[in-house]
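Please go over the structures that come below.
In the two complexes that follow, subunit A is the common piece, with subunit B as its partner first and subunit C second.
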Partner chain A sequence: MAGRLLALSARSIKARPVPLGAAGAHSNPALDATRAMIGNREIVGYGMNGQPHYYDRSDIPLPAIRWKEATADIKCLREKEKGDWRQLSMEEKKALYRASFKLTYSEFKAPTGEWKQIVGASLMLVSVALWFYMAVRVVTRVPLPDSFSEEKQQAQLRRILDLHVNPITGLSSQWDYEKDDWKK
Partner chain B sequence: MMTWKTLMSPDSASPLMEQLTFLHDHALMILLMITVLVGYLMASLFVNKFNYRYLLEGQTIEMIWTILPAVILIFIALPSLRLLYLLDEVNNPLVTVKTIGHQWYWSYEYTDFANIEFDSYMIPSNEMEDYHFRLLDVDNRIAVPYNSQIRMIVTAADVLHSWTIPTLGVKIDATPGRLNQISFLLNRTGIFFGQCSEICGANHSFMPIVMESISPECFISWIYNMSEI
Partner chain C sequence: MFRFPLVRVQRILRKPNVCALRFTSSQQSAESDEEFDNRYEAYFAKDGMDAWAIRKGINDIVGQDLIPEPKIIVAALKACRRVNDFAVAIRFLEAIKNKCGSRVDEIYPYIIQEIRPTLTELGINTPEELGFDKPELAVQNVYEMH
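Then we have the complex of A and B:
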């Protein structure tokens, strides 16, 4: 996508924006380049940046060019559009819309579900990293020192309590010295 | 010493360490509030529907979020500076203990009354009893009377070491060729542990410090016994 943006911007730097649609200006190379890019589609406004590109965006609503090239049917409907819109049937309105625009608002704002691909791929990469970590931990495992055995830990805990270590808010504050048991 | 259930600092055994703990709790509370605020703002960015493409400036809010952090910093700075000067207060110690750091043990001297000197080596893992704390227990502990101001003079014989006991809030570098002095008071009895805090070679992790805080009567009899050795 970034590559495409780069190519597009390079094209617009090369082709300087000139007022197009000027009658008999076919000796203009910029106009030729534009027509080669967009075909016979009508240029209808400024669009996003003055360039004759089509886009579907909700924050800059009206693109610079129509979506489809004008056929005879559409030209007819355009003439009818200049009159009372209540005379247009639903199909005619839809045809006019689809001639000027590719997608409706609800179509281009619809959720794509792309987030599932991204989250899935990220989680897979995270799990690969975790597998690497586990492999390293398994391969480099060393036995614990003797002092970690259950009896020795009990003896050390007994000594910690007898010494009243951390008696204010720490471990010994949870020991009931009268009952010789943990506080309930 | 750190035990199970100790998340942050151990309980203090000295008034200055109490004050350090209070400052820590105060600053941490402020940090927590800021973190929750920023976390909420970031979370709301994901779910809110605000957008405005032509935003250029907002002078009032810029003023607020410049002045407010300065105010918060003042709330942190004032207690901090108070404690900083409190830690440097001059007092009249009762007992002076000298300690010299070596590679890789501490030696202590009590020269107030009698000429007492001894070395304090870590108990190796293969000579430990069941109840010994691995890498923390030593053969000879320093004894000091509680509720008395103690002066500690620290130096080193070879390379840099650092003498520390976290429950007292004391850490002081042992520099060869220099005498560093620190003063503290213990307000409860017990045994307090610390470990050398300046890299000093292969056994830097294996030269702990153990201080036993005892009643003045016991201290006097301890001095008497040690001076006869």
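Then we have the complex of A and C:
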């Protein structure tokens, strides 16, 4: 509701120039708020939602306000704009565009390279996590039990073979029990 | 021995085959494509339109899920001429190029070819001729200013 009122008053702002500092200015607080926000820029359209904001959007090409305030040379260009456009030079045409718009389509759609920041930061965090993992493994290391010594492992292997563990397809099938050695 | 003179033939592009240029999804609005085109062309051709209404119309047609027919574009450019706003015309052409999406190489040259008479008549340059197809200015992202 308030937005709609602002939009309607914004349209009337375009028509009536309000003298600054006069008593009439204070009777329209919406106008004061708008002018405080956007300065002297001309309100030219409905824009996206009726609010007098500037934006560069590929889906809504024409914002509600011009980009630049009307200075003397821009006013002079506007007078020239009322004549034949074939008389305008390239620089004047580009200046007219830049007076109404901040960035062209190719500029605001240009790739920002932000993905490199994101991938780089993510990989850095992953590497920090890996460092933490390695630190934990180092710090929490305990000595192996003595059953891991060479003699004890051989004694365990002897016991496995004596028990004929996995005799068909496993370890004992590789042992030759007559010769008491591994099968050749 | 025959000598053939070198003749520069301007490539006349055929209308690209963009199937289903417009989807009518709802059952109620059974507006055909021609009615849609005529409606927008009549909107821009209306006398006494001010700059506000033209901007609204352009935002609307760019918001539709289609690329406007050349006749609508011509009507909108002539409307821009009536209200003496050159920048709006250029912005509209940039928006149309953006609407072409991935098929910009086949659709955009066709559109420019179709509206070229109007462009020369009104003195409107395409964004490429103005140098706006490549980025000129670079500004800092407002979200990254600290």
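Operating definition for what follows: the second predicted complex is superposed on the first by the 114 of 184 C-alpha atoms of A that agree within 3 Å, B and C clash if a C-alpha of one lies under 4 Å from a C-alpha of the other, contacts with A are read in each partner's own complex, and residues count from 1 in each chain.
Everything that follows uses one rule, which is that a contact is a pair of C-beta atoms (placed from the backbone, for glycine too) under 8 Å apart; a residue touches a chain by one contact, two chains touch by 3 or more.
The structure presented is a predicted model; accordingly, all values stated were derived computationally and were not measured.
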In the overlay, answer first, second, both or neither for which of subunit B and subunit C A:Asp59 touches. both
First (subunit B), second (subunit C), both or neither touched by A:Pro145: first
According to the contact criterion defined above, which of subunit B and subunit C contacts more residues of subunit A? C
Once the structures are superposed on A, label A:Glu178 by its partner contacts, choosing first (subunit B), second (subunit C), both or neither. neither
Using the superposition on chain A described above, determine whether A:Lys93 touches subunit B (first), subunit C (second), both, or neither. second
Quick one: classify A:Tyr46 as touching subunit B (first), subunit C (second), both or neither. second
In the superposed arrangement, does A:Thr104 touch subunit B (first), subunit C (second), both or neither? second
According to the stated criteria, A:Pro167 is in contact with first (subunit B), second (subunit C), both, or neither; which is it? first
Using the superposition on A, tell me which residues of subunit A are in contact with subunit B and, in the other complex, with subunit C. 59
Going by the contact rule set out above, which residues of subunit B touch subunit A in the complex? 1, 3-6, 10-12, 51, 53, 125, 128-134, 188, 190-191
Using the touch rule from the top, collect the residues of subunit A that touch subunit B in their complex. 59, 145-147, 151-152, 155-156, 158-160, 163-171, 174
Using the touch rule from the top, collect the residues of subunit A that touch subunit C in their complex. 11, 14, 44-48, 58-62, 78, 81-82, 84-88, 90, 93-94, 96-97, 99-107, 109-110, 112
Quick one: in the complex, what on subunit C touches subunit A? 51-52, 55-56, 58-59, 62-63, 81, 84-88, 90-92, 94-95, 97-98, 122-125, 127, 130-139, 141
